[in-house]
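The structure follows.
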């Protein structure tokens, strides 16, 4: 039974997206669409026909599936409401991140496949952001892993209740920046614009339509929720050890809090120019480095 | 048994007599060298078995060391005479020498070989000295064969420096005699210059006197052997002599001079302990290696490059000889052989390259490999060998020397040597790689350059099939000796080591 | 032994076969030999545990009564032998197609065979002399292969740099051997190991550092790597595959041999800083290597730089192992060592695959320049597919083999946090950070390589006419790609072989990955199950297909131009180029790259009517300019100074004689 | 006869002669004109021959007379004649054109003598009448070497070489009291051959370099 907890992410990730949008709308004094809007979007896209570039090769066709499947496989490795599920054995946090990276790899390729300038631009920027984000995410995770005495999310989340060392604070700060960048949100990327100068993720998927686009969007939602879940598993795992009902409630609350934080960030910050990103992400990198070193030096 | 040495002399005069046909002198030279070589092989076989040959009156003497050197000389003289045919025919066609000059050349060549063969056979140290001086005189004329400015200048410096140097050697010999005069020689007369007698009574000789003698001798013969810093004649002479002569000069003449040093060192080593001799020899060796490796970096002409590489190798020989011990001595003697195969081969290759290139400069030609693949491949084998790259033979002797250095804990010398060998490798590869590889083209040179070096260039590469066969054999020898040292040679070397180690010296 | 015979026959046949048309089939002989060798090595490794297991081969040859060379198989030797023979098998099969239309097949064929043989000899030689002989033979032969295009100046310069640097490296190796010889009186590796057991730390450290520099030169570690991106691309692709896949592993092998076997004899203890040095070098090599790979427009140079990166990763593992050994934490050391060995094998597979693939691409496009390619996936589908698999593996993405080894390396580096002192903790963890950065950069580099070469529109006529390569070539690519997948899904296969080695701590690794169950390390510190990840994806795919079949109705797919903002002709020149793709990184890392760009604008009529704009941008080779050029310049200056000693004046020379004499007299008096 | 022997012993004839040789060399090293160098050489050779004769008397070794005779024939007559011929052919100017001025070269030559004496002061013990001769001959050799370094003209270099040989012979006889005649003759022969060949090259140098200044013989360097 506990092996099916991945369904939560699979099914509820569009909802989370909807909630974030709603919160953003509130924060910006708009009404905004209903929280179920993403489901309707997906449904609509699934029903649509597709227009595909002649230049595109089979990589273009394979990418949506690979991205979706990699996200799916990744969800299997993360404890959502309980940390003792046998299925978690198939991968630790590193495996999880690299599985996600597989999806990103193909997404970037697909951006190049249509042979347009937009796609190339999106891919190039995505690759750059990834280069800046992945190491710092890894470092933040190192800290948690060293503290938790394992790279298994289940063990880490069981190992502590609330983050209890200065290292964790720094690590979480870094991880949060990574989160913002990886989910393609302001100030790194603007999820709801198609202005070719600013878009990153949207640039890559510009050529997609219909089901493929649906799959990609869904995968994107899943990835977002997945990362949120990792964040809570690593840094606020309290309650996950408890009974099912309790942990479900705890989980919901944590997700809402994170969503709120995200919405707040997005509406209070302005999008950064692309070449200002290094200063932001580099700063976060230093943070994560510090967290690691402080942990090694001070211990917990 | 030892009087076969007159064979080359006879050949020489046949050449001089053969006024009508240049062919005649060619055949005489070939025949003479082959006969002599055959004889020497018998001799060497005997010596490897431990036999020692004397002439009446003990003026001529042949033990394993002499046989070893003789073997090298005679085999190389065969190679040189075969190649001479190819080379001089080319020169004749090019008009750089006339028929008369050809005859003259062969006469001197045989004379030169004769004098060199005399060196290792001489038992009497004065006779040894005379032989060495004679080699200078005969080869000086060869160096000056083309009556061009450079060749004359080179010959002049050569004869001047070597004669002066050798004067000191004679002084050393006299002092040695004086040291021996006190001691009653084995054969009645008071004081003998026979190496055998001196060696027998070495323990009784006055060490201080012998040291003085050795100093003069090592400067004298060292000049001739091309040890830095008294090597200066060598690059000029080697680069200006006709190519076969250059091969003989660097292949064996240097070793003949060094042979003299070795004979003296044996006596001195017994009398006043090895340390003195070893320090001097190692100092000369290191100096030669360093200076040569630095000079090789800046050479523009192929033959000068090879000449400096000869200095480097003489340095290696001297260094290993100075090291002494089983490693050092074996390395030194083996290296003499190895170098005597590799260097002449490279000179022959260079000669062929020059037959089509504009002048002797390294940038005078590109892409020779395409023009004559066999020669090109042999050239690569040659530079690999000279740079001490396994699986070629020179690596083995260098490896033994390194073992000796390690055993003696001479770490600084080893470091210096390794760095120097890196430079040498680079220079050789850059120089010859540049000529062998690249697009087939003759870089036009300023006319002055062209006439200043070997005359006009032919169109086709000058080859003569026996010469090609001979060069191929030499190339194979490089590889073979790198993988296996024949028993006979091993015996010769080990017995010769006995000369230096037998009485507890070295 | 039999395989040896095959190789010799091959070489001989190359020498004698009269008809040039048949030559390329002879490579199949090599392939057969390599295949046999692979089997014998693998069997030897499997039998290691069992009693009375005979070494793969053991014999000695006498050079002279005093000198002998000996060759002996052993666990480490067999492992690298296996690595060699598998790669050689693929490369030989490939060559049988690739060499069909080649300039000088005869020499190349001979040297190719000798190259493989000499590498085998290096891995199997049992004493210093035989090692040096085979080592230099390997270098020499590979030099000839590098310059096999004798007409090209670039190849010559590459060859010259390569040969010289490797010769200098050998000098260091000789130094290390001689130190050991002086200390132990033995040139036999076993003898050295036995003799060095009780010796002083200073001596051991000297030996270690010398050998590390010497072998590092061959392995291409930063900053000794500059020959590598010159030489590897210059050789024909089947050779580059072996050079990058196997020959640089000879350097790795050397480091392992010296540090683990010779210096790691019975009861040996290590200095921690050895491991730290190796680790730091590894980190630097991996990051810098991939950073330069990222900037390359030349496909083969890109691959060569990525070899630098991967060697760096291998050394990260090795270094961690040495650190752990120095603290006696053998189990962790075993983990790190296993990671390094595993990555060595992996790199042989996917780098071989990629180089061979690039060979096919050049075969089709007749160019190494990425900017002239594009859209090749449609024209050469198989090559494209396999190249893609190779790229995915080299980016360490599951479910391919690269991920397994990098995962193991990550684990060992994180576990560096359990070493006692703080500095080793920090260094190992920073190594982990470097590895993470490397992974991300590698992904970008190979996205660029594959995306620009195979996707989008053809960027030139050459690319438009590209044709798929012949059967043997694609077949061998397929073989290697399959190996990548298998080693990625079932790590137990290789870990069993690795665990057979006698180094402390490796034994545990055998049980770490039993078949069909998760791979767990360090007593359950962590684990993952590659096969399961793969399976889950497949089932997911199945599910999607089923669902689509059940619920989804058939939708129509229309094919049209890409979105072009309305301008009616989207030309290839509007695509992102390789240079454009990496532009952001050039800006971000400008302190390292020191990019130089020039923009030339030609006007029809100033200032408004522009007829053409050319934009060139490239990067300053940091090491060459700031390390090597000054060095060579200095040596040259010294040589020119010393030239005055030989000024040509006779009196001066006489002066030398006199001075020498007087000097010696001083000594005497 | 025995009387003469006694005289030789008493008056240290041997020393006188050798000192005389030394002086002639110094004279040569500071001479201005080629002719005077040649004269110095002739004197030097005569003294050498005289020394041999003295030894022959003193030690009553008959074959030294032969050696002395050949020395006179070769060194005092043949070689000077040959050299004069060469000089005339080459039409070299009379000045020797040294690099260093006369006083300097004088000082240096004396410095060399001192050097040699200090070197050979101990270590090698030559007994008997010839006790000083070795030192003298070595200094002769070194001085002539220095002279060769100091002169621009190729001819004067040949002369320097000849002086070196004389010094050498001096040493030879003082140390060995005469080796087997055959060897002496061989050595003498070699020397003369050498001089002949040098003469040949001299003419060729003149032909192709127009002058016999050594400054011009520096095209081969590096």
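A few comments on the model shown:
The letters A, B, C and D name the chains in turn, as written, and every chain counts its residues from 1.
To be clear about the criterion, contacts are C-beta pairs under 8 Å (C-beta built on N, C-alpha and C of every residue); 3 or more make two chains touch, one makes a residue touch a chain.
As the structure is a prediction and not an experimental result, all values here were calculated from the model.
A count of contacting C-beta pairs for C-D and for A-C identifies A-C as the more extensively joined pair. Chain centres computed from CA atoms place D at the largest separation from subunit A.
Look at where the CA atoms of subunit A average out and do the same for subunit D: the two points lie 100 Å apart.
Subunit C and subunit D have Cα centroids separated by 71 Å.
The geometric centre of subunit A is 78 Å away from that of subunit B, both derived from CA atoms. Averaging Cα coordinates per chain places subunit A and subunit C 34 Å apart. For subunit A, the set of residues touching two or more other chains is empty.
Shown for subunit B are the residues in touch with two or more other chains, namely 156-157, 160, 164, 168, 211-212, 235, 295, 298. Contacts with at least two other chains are made by residues 643, 646, 650, 652, 654, 657, 661, 665, 668 of subunit C. Contact between chains, as defined at the top, is found for A-C, B-C, B-D, C-D.
Listing the residues of subunit C that touch subunit D in their complex gives 643, 646-652, 654-655, 657-658, 661-662, 665-666, 668-669.
Of all residues in subunit B, only 156-157, 160-161, 164-165, 168, 211-212, 215-216, 218-219, 223, 229-230, 232-233, 235, 280, 291, 294-295, 297-298, 326, 330, 367, 369-370, 380, 384, 387, 389-391, 395-396, 399-400, 402-403, 405-407, 409, 414-415, 418-419, 421-423, 425-426, 429-430, 433-434, 436-439, 483-485, 487, 490 touch subunit C in the complex they form. Looking at the complex, you find that subunit C touches subunit A at residues 374-375, 377-378, 384, 388, 392, 395-398, 403, 407, 410-411, 414, 417, 422, 425-426, 429, 432-433, 436-437, 439-441, 443-444, 447-448, 450-452, 454-457, 518, 524-529, 532-533, 536-537, 540-541, 544, 552, 555-564, 570, 572, 574-576, 580-585, 587-588. Within the complex, the subunit D residues that touch subunit C are 99, 115, 118-119, 122-123, 142, 145-146, 148-151, 157, 214-215, 217-222. Subunit D meets subunit B in the complex at residues 120, 123-126, 134, 137-138, 141, 145, 148, 154, 157, 161, 164-165, 168, 171-172, 175-177, 179, 183, 186-187, 190, 193-194, 197-198, 201, 204-205, 207-209, 217, 219-220, 222.
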